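In the two complexes below, chain A is the common chain; its partner is chain B in one and chain C in the other.
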Partner chain A sequence: MGKTISIIKMRKQENLIGYLFASPWLFGLIVLGFFPILMSFYFSFTNYNMVSAPKIIWFENYRILLTNDNLFWKSLGITLYHVVIAVPLGIFVGLFLAFLLNSKIKGISIYRTLFYLPNVVSVVAMTLLWMWLFQPNFGLINQLLKPLYDLFKMEPLGWYLDQDLSKLTLILMGLWTAGGSMVIYLAQMQDIPVTLYESADIDGASWFKKMIHITLPLMTPSIFFNFIMGLIGSFQVFTIAYIMTGGGPSRSTYYYAYYLFDKMMNDNAMGMASAMAWILLVIVLIVTVFALRLNKYVFYLGEDS
Partner chain B sequence: MKKFLSILLLGLLSLALYGCNDDTPTDRIEITFWHMSPVGSASFSDTRRIITEFNQSQDVYFVKGTGFSFWDYWDKIAVAISSRTAPDIGLSTIDDVPIRAEAGVLYNLSELIEADPDGIEIDQLYDSQLSFATYDGHLYALPFTATTRVLYYNLDMFTAAGLSADDVPTTWSELHTVAKQLDIVQGSSIQQLGFDPTYGNATYHGYLWQAGLDFFDEDLNPTLNTQGHIDVLQWMIDFNSEFTRSQLTAFGDANTMLGINPFAGERVAMMIEVDSLYQTIKEAGADFNFGVTSIPVPDDGGIRVNWGSGFSVEMYDNNKNTPDKKAGAWEFLKYLMSKDTQKDLSETNGWIMAHQGAMLEVAEGDAIMTRILEEVAYARDKVYVPYAPSWHGNDWQSYYNDALTGKKTAAQALADARANYLQKKANWEATR
Partner chain C sequence: MSELMLPKQKYRSRKKRARIVRLILHIVLLLCSLVFVFPFLWMLVTALKTPAELLRGIDVFFPAKPQWSNFIDAVQKIPFFMYLKNSLIIVVLVVFGTVMSATTAAYAFAKLRWKGRDKWFIVMLATMMLPIQVILIPTYVMYSWIGWLGTRLPMIVPAFFGGGAAFYIFLMRQFFKGIPKELTESAIIDGANHFQIFLKIMLPLSKPAIVTVALFTFMGTWNDYFGPLIFLSNPDHWTLALGLRAFQTQYGGQYNLMMAASILIMLPTLIIFFFAQKTFIEGIKFTGIKG
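So, the complex of A and B:
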């Protein structure tokens, strides 16, 4: 009997110690994570200028945003444009790099490191660097393209200073960090059993057929993962526009998150900004739920089909 | 080893304690003061000295100063005010004092001045600034610094073009004539530009004010839809119509990106800029001759006015009922606003301070500074529009840009901007 009690006691003690060790994380989750999330939900139903006390106005913020705010829809459209182009392009470039770097040439690990390196650079530093590269008057990119401009007798491209090109410029710049997803693709690529390729070789399959019928299908889990993560991340695009274009020229890169930020910082409308955050969450949730339906096209190795 | 470690630890601890020697003596009332001279900034040690001098001048209060960089300061103070943990006394912007006064986070300074009439030399402060610090007939802040905009002109370029200081323009048409004489173009590329109304720190609303117009009427309804508004914007667009907008942007931008002001970089002969450019040019050791003057005004009935702003100094009421601290903050406020301290602060930070008498002494013997100070009297701050606090910035920039690049006509850009302000106003009123 005495033994049982001491075991129960020990278990309790063990639990307590467990929670104690987890407490920094729990503290972070509840105080730094969960509390602000709850508060923002509350603020979204209030008029709150961050100086006076919040005043409850129920669904007024949501009504205004959805029915009487041109910039809301404009910024959402700009964000969707970014998502629709940047996500597939990012997957394509990441895959392409992975294919290139999945060979056994000398010094391959150096190349892999080089392609991953941009992910280590802070976004701010990266953006400033690309600003210099894309600078229309003395940037390196326009200097390199000068022969082409001369050949076609065209005006040099304005890149991020041209409102028709600015969105694409930011997307192109984002591809610099495709090395991040490349690493995931590469890991999965090397996980594909060699036996599959060997039997395909015996059947006389070409390189192209092997890629279409073995490599790509077995890559779908990581493509799927990067697709979902890319979707969620792209909806929140902000930093590059904040630093490089200031949302311009003429609001051409005024993303949803940027408008949200301005609502809070410039208009002192914390309530409205919180409502925008929750609307974005719902949009991302809906898109993700639809995207998750693609799961049925994903092949998981080792699962019965 | 253990002994060594404990000695090291003790050493570090005592160092840390030494670092905290700013701690309030226990017999004094601590007053917290936030400023913009953080550790490591050029003005840190002088700011600290100014605070220390106050602490040594009496033995009731002890002011503890905390400095944040200009870029961080605004977020910090905004969060502190809303969480009711604001310092006893701090700096803020003067144009939006009413929003804080209305929220009840500021002490009413008029009451304190009434009880202590000799405390502050109100007559030494600019009326226009005081009016911005007034809410409901009472002062809730005091102007601390002032800014102004002037026309800088490069005398060497004038001489090279066969002009002299007598030719410095005073009206828009003179400005155009003189500017054209100062343009230097080689082939299709601009080498030197006389003037461009979009360069430097010139703003559309600044030109509107000179023409007797404004963005908003007295009830803060957006105007913008009159022919006068269109004409002023058109004037800005057409000033250098012989060049394309991208040429003009490229010429100005190339320098800005390198961190050099186009005027300081001797590429532009005349430019509207804020007072601090003078400080920048001086510090850079520039060796060209230049002068400053009032911004030229429209030919018919132009008004001498420029956009100026400034920091306010405010006493925060955190609703904690601390009359001791309030009294202490008032004492320190009086010290900060005194002529000697204002003079000291100007020399420390390079700012134009709000105290006119102090500034006259600072500017003595400095012709350019004296001329800049003359313009402060004609400075006017932008109105605070609660439904669009950034009306001159983000809310306006894209329409302005569309008009400059020719994406929209001046009339269309103004009509669209007005529609946007009206929508913001309606939405703001709906959430009241």
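So, the complex of A and C:
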């Protein structure tokens, strides 16, 4: 009898101690997480501008954004363009690099370090560096391409100063950090049991077949992970455009998050900005849910099929 | 045909092919490394050029007379040391706060049984997916209400309450879980309480994981631009990342000075990365595989 009571007492105590240890984080989650989410939901139905008290205007913000704001649709379109190109391209380059490094040649860890290096650089410094590299008149890239320009008798490309190329310029710069996802791909590739390849060798499978039937299927968890993370990140692209193009030229890189930033910091239109944030959340949620349905094609090793 | 080949011949031709494949692989790898590393090199030689040499592009690869004074100019054109001090204040406190809040929460998730623990854990993972903008606007408004705008507090205080630490909590939790139960159980029998176990057993045994968390937090905070852009309205509090941007808006065309300033900002992160490569790579692997 006395023993069970002390166990119950211990359980109760552990419950308390558990909450105690989690309390700093829990407090943060509630005050800096839950509460702001509710507040931003509320703001999105008001005309709050930091000066006068918020007044509820119901769906007016959403109505204006969706039906009467060209810039909203334009910035959303630009962002979608970025997502649709940058995410698959990033996965492709990351995988390509990982495939290169997944072999038994010398110096692999040195190459891995070199490929990863751009990821530790400040975004501001990285963007300034690529502005200089892409600089149309004196930049390294146009100088290296000069023979090609001469060959095809074309004008040098304007990169971030050309409204048709500005988004692609930012995407290309982003590929410089593909080494981050490469490390994840490579780790997973090296986890694939050698026996699988050995038995495939016995069956006389070619390199290509092994790749399609063994490597790629077993890579799906990390591809999926990078896909989701890439989606979420790309929908929020802001800083690189803020530094390199200022949203231009002709608003060609005026991404959704950039427009939201302007609404918030320049116009103090907190209600409108909150509505934009919620629309973004819903879009990201829908896309993620669709992506999660792809999860059934993801193959987890060590799982009963 | 191949069946008619003698085994030895077959072996030899296969070996030859493997050698060619390896050669091609080496060439492709070298080309790729060039793409990844050459920009750094170009940055350095640019930082050492005179304005006249800048305009000549690749005609001048290495400057005739390296202008080391560009670095001094870059430092003197902006209040560099003030920015450095501001960055350090924020980075040190954020690293400290994050390690504290992440380890305590992780201990609760890994080693203690409390009501709703697993639900909270899922909530924590879900916070990683949330677009920052949804939370940003109300927190900005809240800080303005309590008079924190124009101070450094919005950059520092959240770290002590697990702000942005979801991934680190996850990482620490996995690490704590790997520490054998017997160790904590025997400590309890010896009369230790959970705070003593946490401080005297768990933390000392988790040094590698704590170092990982500290390094990632350092990198993230040192390089952060968006947070300071929103919250550090007072120029006297600006960090190096904001200072570099200010430099760009003022001296936009002077790429030699801009590259010099950029190098100075990158240097600490590059040096740390070189010394702690393994920790970083392991940490990144962890995100992908366990996440």
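Just so we're on the same page, the second predicted complex is superposed on the first by the 287 of 305 C-alpha atoms of A that agree within 3 Å, B and C clash if a C-alpha of one lies under 4 Å from a C-alpha of the other, contacts with A are read in each partner's own complex, and residues count from 1 in each chain.
The definition used in the following text is that a residue touches a chain if its C-beta (ideal position, glycine included) is under 8 Å from a C-beta of that chain, and two chains touch if they have at least 3 such contacts.
Small disclaimer: the values here were computed from a predicted structure and weren't measured.
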(message) Output check: A:Gly247 vs chain B and chain C. Expected answer is one of first, second, both, neither. What do you get?
(response) first
(message) According to the stated criteria, A:Val284 is in contact with first (chain B), second (chain C), both, or neither; which is it?
(response) second
(request) Once the structures are superposed on A, label A:Phe138 by its partner contacts, choosing first (chain B), second (chain C), both or neither. (result) both
(request) Look at A:Met272 in the shared chain and tell me whether it touches chain B only, chain C only, both, or neither; answer first, second, both or neither. (result) first
(message) Just to be sure I read the superposition right, which of the two partners does A:Gly158 touch: chain B = first, chain C = second, or both, or neither?
(response) first
(message) By residue count, which of the two partners contacts chain A more extensively, chain B or chain C?
(response) C
(message) If we overlay the two complexes on their shared chain A, which of chain B and chain C does A:Asp262 touch? Say first, second, both or neither.
(response) first
(request) Return first, second, both or neither, reflecting whether A:Ile57 touches chain B, chain C, both chains, or no partner chain. (result) first
(request) Could you look at A:Asn70 and tell me whether it touches chain B, chain C, both or neither (first, second, both, neither)? (result) first
(request) Determine, under the contact definition given at the top, whether A:Asn49 touches first (chain B), second (chain C), both, or neither. (result) first
(message) Just to be sure I follow: which residues of chain A are touched by chain B in one complex and then by chain C in the other one?
(response) 50, 132, 135, 138
(request) Name, in rising order, each residue of chain B that touches chain A in their complex. (result) 78-79, 81-82, 99-100, 102-105, 246, 249-250, 253-254, 257, 387-390, 393-395, 397-398, 401-402, 405, 407, 420, 423-424, 426-427, 430-432
(request) Can you check the complex and tell me which residues of chain C touch chain A? (result) 22, 25-26, 28-29, 32-33, 36-37, 39-40, 42-43, 46, 54-58, 100-102, 104-105, 107-109, 112-115, 117, 120, 123-124, 127, 129-142, 144, 158, 160-163, 165, 169, 194, 198, 219, 222-223, 225-226, 229-230, 240-241, 244-245, 248, 255, 258-259, 262-263, 265-266, 269-270, 272-273, 277, 280-281, 284-285, 287-289, 291
(message) Per the contact definition, I'd like the list of chain A residues that touch chain B in the complex.
(response) 47, 49-52, 57, 60-61, 64, 68-71, 131-132, 135-138, 155, 158, 161, 163, 246-251, 254, 262, 266-269, 271-272
(request) Name, in rising order, each residue of chain A that touches chain C in their complex. (result) 11, 14-22, 24-29, 31-33, 35-37, 39-40, 43, 48, 50, 97, 100-101, 103, 105, 111-118, 120-125, 128-130, 132-133, 135, 138-140, 143-144, 176, 179-181, 183-185, 187-188, 191, 221-222, 225-226, 228, 232, 235-236, 238-239, 242-243, 257, 260, 264-265, 270, 273-274, 276-278, 280-281, 284, 288
